[in-house]
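Chain IDs A, B, C and D follow the sequence of writing; residue 1 opens each chain.
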Amino acid sequence: MKSTAMIDDVMRIKELKEKARDFVAERDWDKYHHPKELAISMAIEVAELLEIFQWDEKADIQDIKNDEETMSKIKEEVADIMMYILCFSNQLDLDLSEAVLAKLEKNRRKYDKNAVLKTGAYRKDKL
Amino acid sequence: MKSTAMIDDVMRIKELKEKARDFVAERDWDKYHHPKELAISMAIEVAELLEIFQWDEKADIQDIKNDEETMSKIKEEVADIMMYILCFSNQLDLDLSEAVLAKLEKNRRKYDKNAVLKTGAYRKDKL
Amino acid sequence: MKSTAMIDDVMRIKELKEKARDFVAERDWDKYHHPKELAISMAIEVAELLEIFQWDEKADIQDIKNDEETMSKIKEEVADIMMYILCFSNQLDLDLSEAVLAKLEKNRRKYDKNAVLKTGAYRKDKL
Amino acid sequence: MKSTAMIDDVMRIKELKEKARDFVAERDWDKYHHPKELAISMAIEVAELLEIFQWDEKADIQDIKNDEETMSKIKEEVADIMMYILCFSNQLDLDLSEAVLAKLEKNRRKYDKNAVLKTGAYRKDKL
């Protein structure tokens, strides 16, 4: 279990959204950020993340974590996806935390934990 | 400008990661969450978000925000993507905030704001 | 309407499948070509095609056709996607033509042409 | 090795393109088929194909072929992707066969078969 301090320990979603908003506003790039374009850009960035794992058998997770070059590429792609999610949320005044909490609640009902543990079931009906 | 209070105003990334971690652990689903599988799942969920905008001319953003049914679908899909990013970060002990801040810093240098404003340039080299 | 001769005028799907099969067999690469991996690779290549159109307003189609550099990139990405579809079909002994004809027949019933022309309807339920 | 007769044995690409063109023209749907939209639709359909393999360990290929229900879903999704490639090629007067042959030639030079066989190398630089 990881115990090292992270910026995630203190960073609020709102602050990340503001940083994304400022970066875009300073360049007058809001006009490009229609939600449809941002969804397209998410798809492109997720494919770049997926490319890191293309053709690979599933490597041991500890080995991935120890591979600095791979981790560096992974961080870049995850940051790109996250930036587009933040920009997307800014454009639509979307409360990311609320959306996640609502989905978690829905999934708690859909995948009752006792039933899941008893049957060993997984969703083939996505998270 | 939106002034309504959001859960994003107070929610720290760490807390969202913990909620995702608990949901997965309670169901003993960690074993399914190899980063490669989570990247595949992100790609599938982003495509579902993109599908909401498929074939559409770019609608006025205010109209999208006023369309409750569309916003409800958007929130579900964004939540799914976000959940997989949180799970992915948990698996690799990845500091999301640090990754975003590093990428923002890199992009600040790549797209100097004064140069961008003077030329009206955009990146065709992604965010 | 295009009247220039194309290789598509004479090429049978079977021949393209054989060329893909030979290329792979000569390199002993069959072992990498699990359908799941090929589907991942399709997703990556489609994202590269989509990237060519990222951020762009929809350009006039004639202008795209006249832009040699863009057309050259488009052809490369479409060829990559097509290669993976051929390899995928080879792995699963899938009759591509039969699959397309069956889907067309299904869609002819789903989208009756007279009803469509009368109402001007489009599918928001995909092709 | 499959010896059963297939429609692919006799179907020329041109014929499939014409069938796709007729289906679209009969419904006056050409106006929706900007290449950017068709690339978006390819991304959505490829994700639906990928979803069939989501979370799965790589099943034995023979088992997949013997699983009628899965094969039926696979054929539908592959047909959807193929239809969009045909429509995309129609819009841009693109010679699919020429694009594939050119890419194969390029890859033959990039991945010399003797070098590949001697080293057991694979591309981590895509097909």
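As a convention for this text, a residue touches a chain if its C-beta (ideal position, glycine included) is under 8 Å from a C-beta of that chain, and two chains touch if they have at least 3 such contacts.
Bear in mind that the values here come from a model prediction, so they are computed numbers and not experimental data.
Peer 1: Which chain pair shares more contacting C-beta pairs: C-D, or A-C?
Peer 2: Looking at C-D and A-C side by side, C-D shows more C-beta contacts.
Peer 1: Please identify which of A-B, B-D or A-D repeats the interface of B-C; the criterion is that more than half of the contact pairs agree.
Peer 2: Match found for B-C within A-B, B-D or A-D: A-D.
Peer 1: Just curious, how far off is chain C from chain A if you go by their C-alpha centres, in Å?
Peer 2: 29
Peer 1: Between chain C and chain D, what distance separates the C-alpha centroids? Give it in angstrom.
Peer 2: Centres of chain C and chain D (C-alpha means) sit 5 Å apart.
Peer 1: Two-or-more-chain contact residues of chain A, please, as numbers and ranges.
Peer 2: 32, 37, 40-41, 43-44, 46-47, 50, 53-55, 122, 126
Peer 1: So in the complex, the part of chain C that touches chain A is made up of which residues?
Peer 2: 32, 37, 40-41, 43-44, 46-48, 50-51, 53-55
Peer 1: Would you tell me which residues of chain A are touching chain B in their complex?
Peer 2: 2, 4, 6-14, 16-17, 19-20, 23, 26-29, 32, 34-37, 39-47, 49-50, 52-53, 56, 58, 61, 64-65, 71, 74-76, 78-89, 91-104, 107-108, 111, 113, 116-117, 120, 122, 126-127
Peer 1: Any idea which chain D residues touch chain A in the complex?
Peer 2: 40, 43, 54-55, 122-124, 126
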